[in-house]
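One structure coming up, written as structure tokens, with questions to follow.
Note that the chains are named A, B, C, D and E in the order they appear, and that numbering of residues resets to 1 at the start of each chain.
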Amino acid sequence: MKTAAAAIADNPWLAQRARIARVTPEVPGVATYHLRLVDAQRHAQYAFQPGQFNMLYLPGVGEVAISLSAGAEQQGTWDHTIRAAGSVTRALAQLPVGAELGLRGPYGAGWPLTECAGRDVIVVAGGLGLAPLRPAIHALLAEPKRWGRIHLLLGARTADSLLYPGERSAWERSGLAAQTTVDRATPDWTGNVGVVPLLVDRLAGFDPARAIMFICGPEVMMRYTIRSALKRGIAAERIWLSLERNMQCAVGLCGHCQFGPAFICQDGPVLRSDRIAPFLDVEGL
Amino acid sequence: MDELRTIRVAAITRVEGEGGLSIHVRDGAVTGVELRIFEPPRLFEALLRGKALEQAPDITARICGICPVAYQMSAVHALEQALGITIPPPLRPLRRLLYCGEWIESHTLHVHLLHAPDFFGCASGLELAKSHPEAIQRGLQLRKLGNRLLEVLGGRAIHPVNVAVGGFYRLPRRTELAALVDDFARGLEAAEAAARWVAAFEFPDFEQPYDFVSLWHPDEYPLCAGSLRTSDGLLLDVAEFEQQFTERQVPHSTALQAVRRATGGTYLVGPLARLNHCRDQLAPLARALADELGLATPCCNPYQGIVARAVEVVHAFEEALGILRAYRPDSEPRVRYEPRAGRGCAATEAPRGLLYHSYEIDNEGLITRATIVPPTSQNQARIEEDLRHYLPQILALPDDEVALACERLVRSYDPCISCSTHFLKVNWVRQ
Amino acid sequence: MPPADSAASSRLPPQLLAKEDLQALLDALRRAGYRVVGPRLSQGAIVIDELTDIAELPRGWTDEQVAGQYRLQRRPDEAYFGYNVGPHSWKQFLFPPQATVAAAERTAEGWELRTVDDQQPPYAFLGARACDLAAIAVQDRTFIHAQYADPIYRRRRAEAFIVAVDCGQAASTCFCASMNTGPACRQGFDLLLTELAGAFLFEVGTPRGAALAAGLPLRPADEAALAEAAAVRQQAVAQVSKQLDTTDIRQVLLGSLEHPRWSQVAERCLSCTNCTMVCPTCFCSSVREVGDLSGEHVERQREWDSCFNVDFSYLSGGIVRNQIRARYRQWLTHKLASWIDQFDVSGCVGCGRCITWCPVGIDLTEEVAAIREEPA
Amino acid sequence: MAACPRLAVFKFASCDGCQLSLLSLEDELLTVADRLDIVYFLEATSRVEPGPYDIALVEGSITTPDDLARIEQVRRDAKYLVTIGACATAGGIQALRNWGDSAEFLRAVYATPSYIESLATSTPISAHVRVDFELRGCPIDKYQLLEVLQALLAGRRPRLPAHSVCLDCKRRGTVCVVVAQGVPCLGPVTHAGCGAICPSYDRGCYGCYGPCAQPNLASLTAQLGANGATPRETIVQLRSSFNGYAAEIRAESDRLELPPPGGAPHG
Amino acid sequence: MDRTDLLQELAALRFTASLPAAALERLAAVATVARYAAGARIFREGSTNDRLMIIRRGRVALDMCVPGRGEVRILSLAAGDLLAWSALLGAGRMTATATALEETEVLAIPAAEIATACRDPDFGYAWMQRLAAALAERLLATRLQLLDLFADAEPVARD
């Protein structure tokens, strides 16, 4: 029987102990869980690429794959923005601050930030899809000189489910051009109404020839966002999307997240659209 | 002034489930006792018609989740008789072994979880476990061994899958049975301890001149085979069951009641009947234990049924151990046969007593008629009679105590109806 | 990837092991600490189970296999290995159907999280065929890839000693030749036997094999024995009748995702998972959380699972592959096409188990042929 | 859920086997009794308390007018209503009467059928009230029952697979009886949960757990027919079993225009 | 705005950009600029309107009146989007109410002029193709909205 350190390197099933340091309620049903690894040294050494995910483990309930939504440089914790939807996430939502859970990761391929150098970057998010993009936005805004213009196109069902409202203004002050749109407008909403691909259709202020696009959201939204982006002249090789499948092992051993030629856990979740988009259109794949 | 009391128990079947009790008292005299079995009728005898004979063991098992093996055993023996086939001799002990599993499972359940609490004034075995943890734990572990035997030999404890007309679907591997030997040796000791524990209970002083009916076999304690024996000295072939016993329907019960055809008299089947008739055939340790415990035969106190059950558990462990140790899988699992028209009947000893099945089959092997007489419907009339004799002793008590006392008496027969296994709701209606 | 560990250059010259000395091989393996598993008769088939005595081998038996049917038959001779692959594969030993991968214990502070060591003693596989060796090589790529390895598989695989047997016959369902995996064993074994009329041709594939062979009563193989072995192997080659055309198969299948054939096969497919279970390379699994009532002790149990299960593709939005058509297509295109994307090798080794053990006799080679015949 | 949730066990037309499973949890029984307050369970305790109940386990099918009223009361009293077993979930073996002449059935069994109050049909609980979870099997598996109780205690959905028996057969290394022995087997269309017992005893699955998710009954019945199986051995078995009244099986037997499963000899 | 500017602008706006030069010229010849202050009603649901519009600057909201719920915002439009296309049909009855969300300018083209121009098969074909594409986009967007895409969206989370 092995415990702790020695086994981590060679056993992908071993989770590390993490503690809920804080919980920030975001939009209804969604909260950001600020996690701290119990082992201080591991907490300090932990590192991830924006777009990567962790497996969060609640013993007795199960494991769930969640993308990191912010790194320790933000608030000293490793953050996950989660909607209470399934058994694990609902049980997580019941846990008090200070409760322990297991964490494995980071896993998967993240957003290709190096590819952004010198390019206009268009970040397109639907709903909670902004969460896995947030670390990328942080990284982009940290070194604005490395890239061209940075656009954020964000859609949500309703105005009050547009994620990270306060932070978005700060991003805008740092030079990000943000546009939002909602599916359903309440009387007090004066912003855009309609789906995100429409924002892509209308987007001005970028050079299609040198733009790169990151997309995360529901699969249908991503499919039509890609279509709009291609119409706008952005090459398929520069459109990246984050896909979701039922990940269980997270390390390519269990087969659950097969998608066409890819293992989403390992080759993804961030994949290049020219490799994966043809399969998005096939029903039941 | 006329005093009319009606004691009603709200919920009992031909087979197993929920029943009730109504007691009518006028001027301090018991005028009527009805053991009311209103377990919803499930009409098995009708359902069986048109079914392939091979389905009978699986379908009749579903009559009772506590003693499915008994139903399977009576069914296969009756059908084998109808087909004119005999199972290979090496399979006989395996069928007895399976039956031992069921006796252990069923008897230990009744002894520890259902009946023993009555002797301690507890509502349940779970409650009794708080004051007598060792005894209840021992009972649970004994029951687990019975279930394990059923699982190994039958595939599972409730509704086993391995019983086939002609034998078994698959014979156990020798290693599978050998693996049980050590645990059964320990189980035998625990079963003896349990019997000693039970024999020390205080039993109400109540005896009746029972007409006991059970199977009797010169060479073995009765499980799967034997002749019908009655207390008045008859020794009959099972084929005469329907001439000797008849079922009558009463308006207060979905279960049919059985009586001796000649006299219309009630009779009692079950552990007391077997023990009284077949004490000499008990395995040596069980027999020695019966002597040690001073169990008199004939024993005519129904409350001491629990001791008879505990002794039968010891017998079942003892016999099972012998079979487990001697087993060699050197036979075909079952006899092959061609369907043919015929009729056959059989009785085996369910934990609660004699279980009679009779079938007619056509030349395609489809069942055309089925008759099933379970032990509880045979005991039902006798239980009512006991209550009539017992009630005068206790009528002076308040209603709830009378009800409780009646419940205890009913429970002592281990009737195969779930409510009476531990609860009879008695409604007193003062008229 | 471990390199092929038995290049022909490292082989010693073939020798002969007398039939009656097969027990000596078994004993030597057991003495070396291996739990020997190999073919045995059980439940009307030749399965793989523990062996302690050569008498337990299905000597004199063979099998007849067609799509959806397998029958044992007596052979006219007393051959030890005169049959084809059965319902079991060696996968069950390297990638066990059920295993505990991790455990958690509640403590005063929170949770103690730990892995659970695999306690299985090393296996020796007696009687692996060429397609089996290929299948193990395929699973090596799945379970021991660059970044992560499955600890159970990695350890068991590293320890496993493989005594392969060359086929002298083929079933009607075998198509190893098409997949370039057999029928002759070329690599991946420690020892290789070829059954001749009076002895086994005995070849060593690894230093570990050589070490074990050192204690055995072997004698040099003469020309006649070598010729007989060649004839045995040639007989197997001649008997492999089924074919799967692999030309551009990735493009053909991934380009035919909307082919009407998927709907046709879905009418027959029971989605029962049998093909994936008997497949020696299918590796899908699920992890179950098994806790006690107190909630203090939890085990994470991994079990074989299958892409044919409705729940397998569950996503919070619903079931992705919610029709048999989509699940059959997923299996076949993964096995024969996208496996190549993922592991640079086909997921099919041509053993034919999925054909024999499909209760309704669906034959993947026929499905591929039908799709080829009429491109969608 | 309350600190010590109140558990009630109810019985309708059934054999008691499923509720017995709870008592058959020998090693866990006393722990279960610690974690759950068993306030109504006629088979096990004389303690009888009225509702409300946190968890009601319901065994058996609805076959009498009295049952109809009783199940509605159970529903009103129960926070979670869980059906246990084939009777409660699919009508049980007694649902075979649903195809027959139930009055004739009564006459066949009872000399005076007028004493008996019975409905013409045996129907599952879900045909009458909302059911929160259905646990399959004839009988249920005691460990699956434990999982259901654990899940309810933990406030999560029970994790019970809906796949076919075949998968469990293979996991335990059982050789397929259809392919190797030509034995008819309902495993490919039957819901897992028993642990694939029958094939390991050299017999075909006879469908105790009812249809699996998306069963391809048409393909299986075609295959059974092609193998020369007679209806007596196979196809009728699908329906003349404990889950014959399950929707998928009813649909397939209607498609095949099978004769009624019960009733008069020679149907 | 003079005609040359209009022509340039039409060539740059998304809706008209892909039209052939000759078609653009015909449109430029009849287009006029209309300005609306923020909050101004451009047209009302149920009213008739004989001018088709292309937004050149600003944003426009489309609302529909639902009895009991009042005005429900269906869509917002921006520069390059087509507006009031119902003018080309029947009596030109508007199916939604259009309101300028900010200071907005539109290029207004009399529907009758387009109807006349469409008698020229070359213009008619080019115009109808463009119009069909725009309406298809609008329809697709509406369908996506119907799907209520973000209802349960979650990034990578699954359990």
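Here are some notes:
The definition used in the following text is that a contact is a pair of C-beta atoms (placed from the backbone, for glycine too) under 8 Å apart; a residue touches a chain by one contact, two chains touch by 3 or more.
Just so we're clear, the structure is a prediction, and the values are computed from it rather than from any experiment.
A comparison of C-alpha centroids places D closest to the centre of the full protein.
No other two chains have as many C-beta pairs in contact as B-D. For subunit E, the chain whose average C-alpha position is most distant is B. We define each chain's centre as the mean of its Cα atoms; on that basis subunit B and subunit C are separated by 51 Å.
In whole angstrom, the spacing between the mean C-alpha positions of subunit A and subunit C is 39. Separating the centre of subunit A from that of subunit B, both taken as means of CA atoms, is a distance of 65 Å. Rounded to whole angstrom units, the spacing between the C-alpha centres of subunit C and subunit D is 37. Within subunit C, contacts with two or more other chains are made by residues 289, 291, 295, 305, 315-317, 323.
Subunit D has residues 154, 202 in contact with two or more other chains. For subunit E, residues touching at least two other chains, in rising order: 152, 154, 157-159.
Taken together, the subunit C residues at the contact with subunit A in this complex read 101-102, 104, 106, 109-117, 142-143, 145, 147-151, 254, 257-258, 283-287, 289, 291, 295, 298, 300, 302, 305, 307, 312-317, 320-323, 325-326, 329-330, 334, 338, 341-342. Residues of subunit E that touch subunit A in their complex: 14, 59, 61-62, 70-76, 78-81, 101, 137, 140-141, 144-145, 147-159. Interface residues of subunit A facing subunit E in the complex, by the touch rule stated above, are 53, 62-67, 81-83, 85-89, 126-129, 131-132, 155-157, 161, 181, 183, 185, 187, 189-195, 197-198, 201-202, 204, 216-218, 220-221, 224, 242, 244-247, 269. The touching residues of subunit B, counted against subunit D in their complex, run 11, 15-18, 39-47, 49-52, 55, 58-59, 62-66, 68, 109, 113-114, 117, 123-127, 129, 136-137, 140-141, 143-144, 147, 155-159, 161-162, 164, 168-170, 248-251, 253-254, 256, 333, 362, 364-368, 407, 418-419, 421-423, 425. Every residue of subunit D that touches subunit C in the complex is listed here, in rising order: 28, 31-32, 35, 146, 149-150, 153-154, 159, 161-164, 166-167, 170-182, 185, 187-189, 202, 213-216, 218-220, 222-223.
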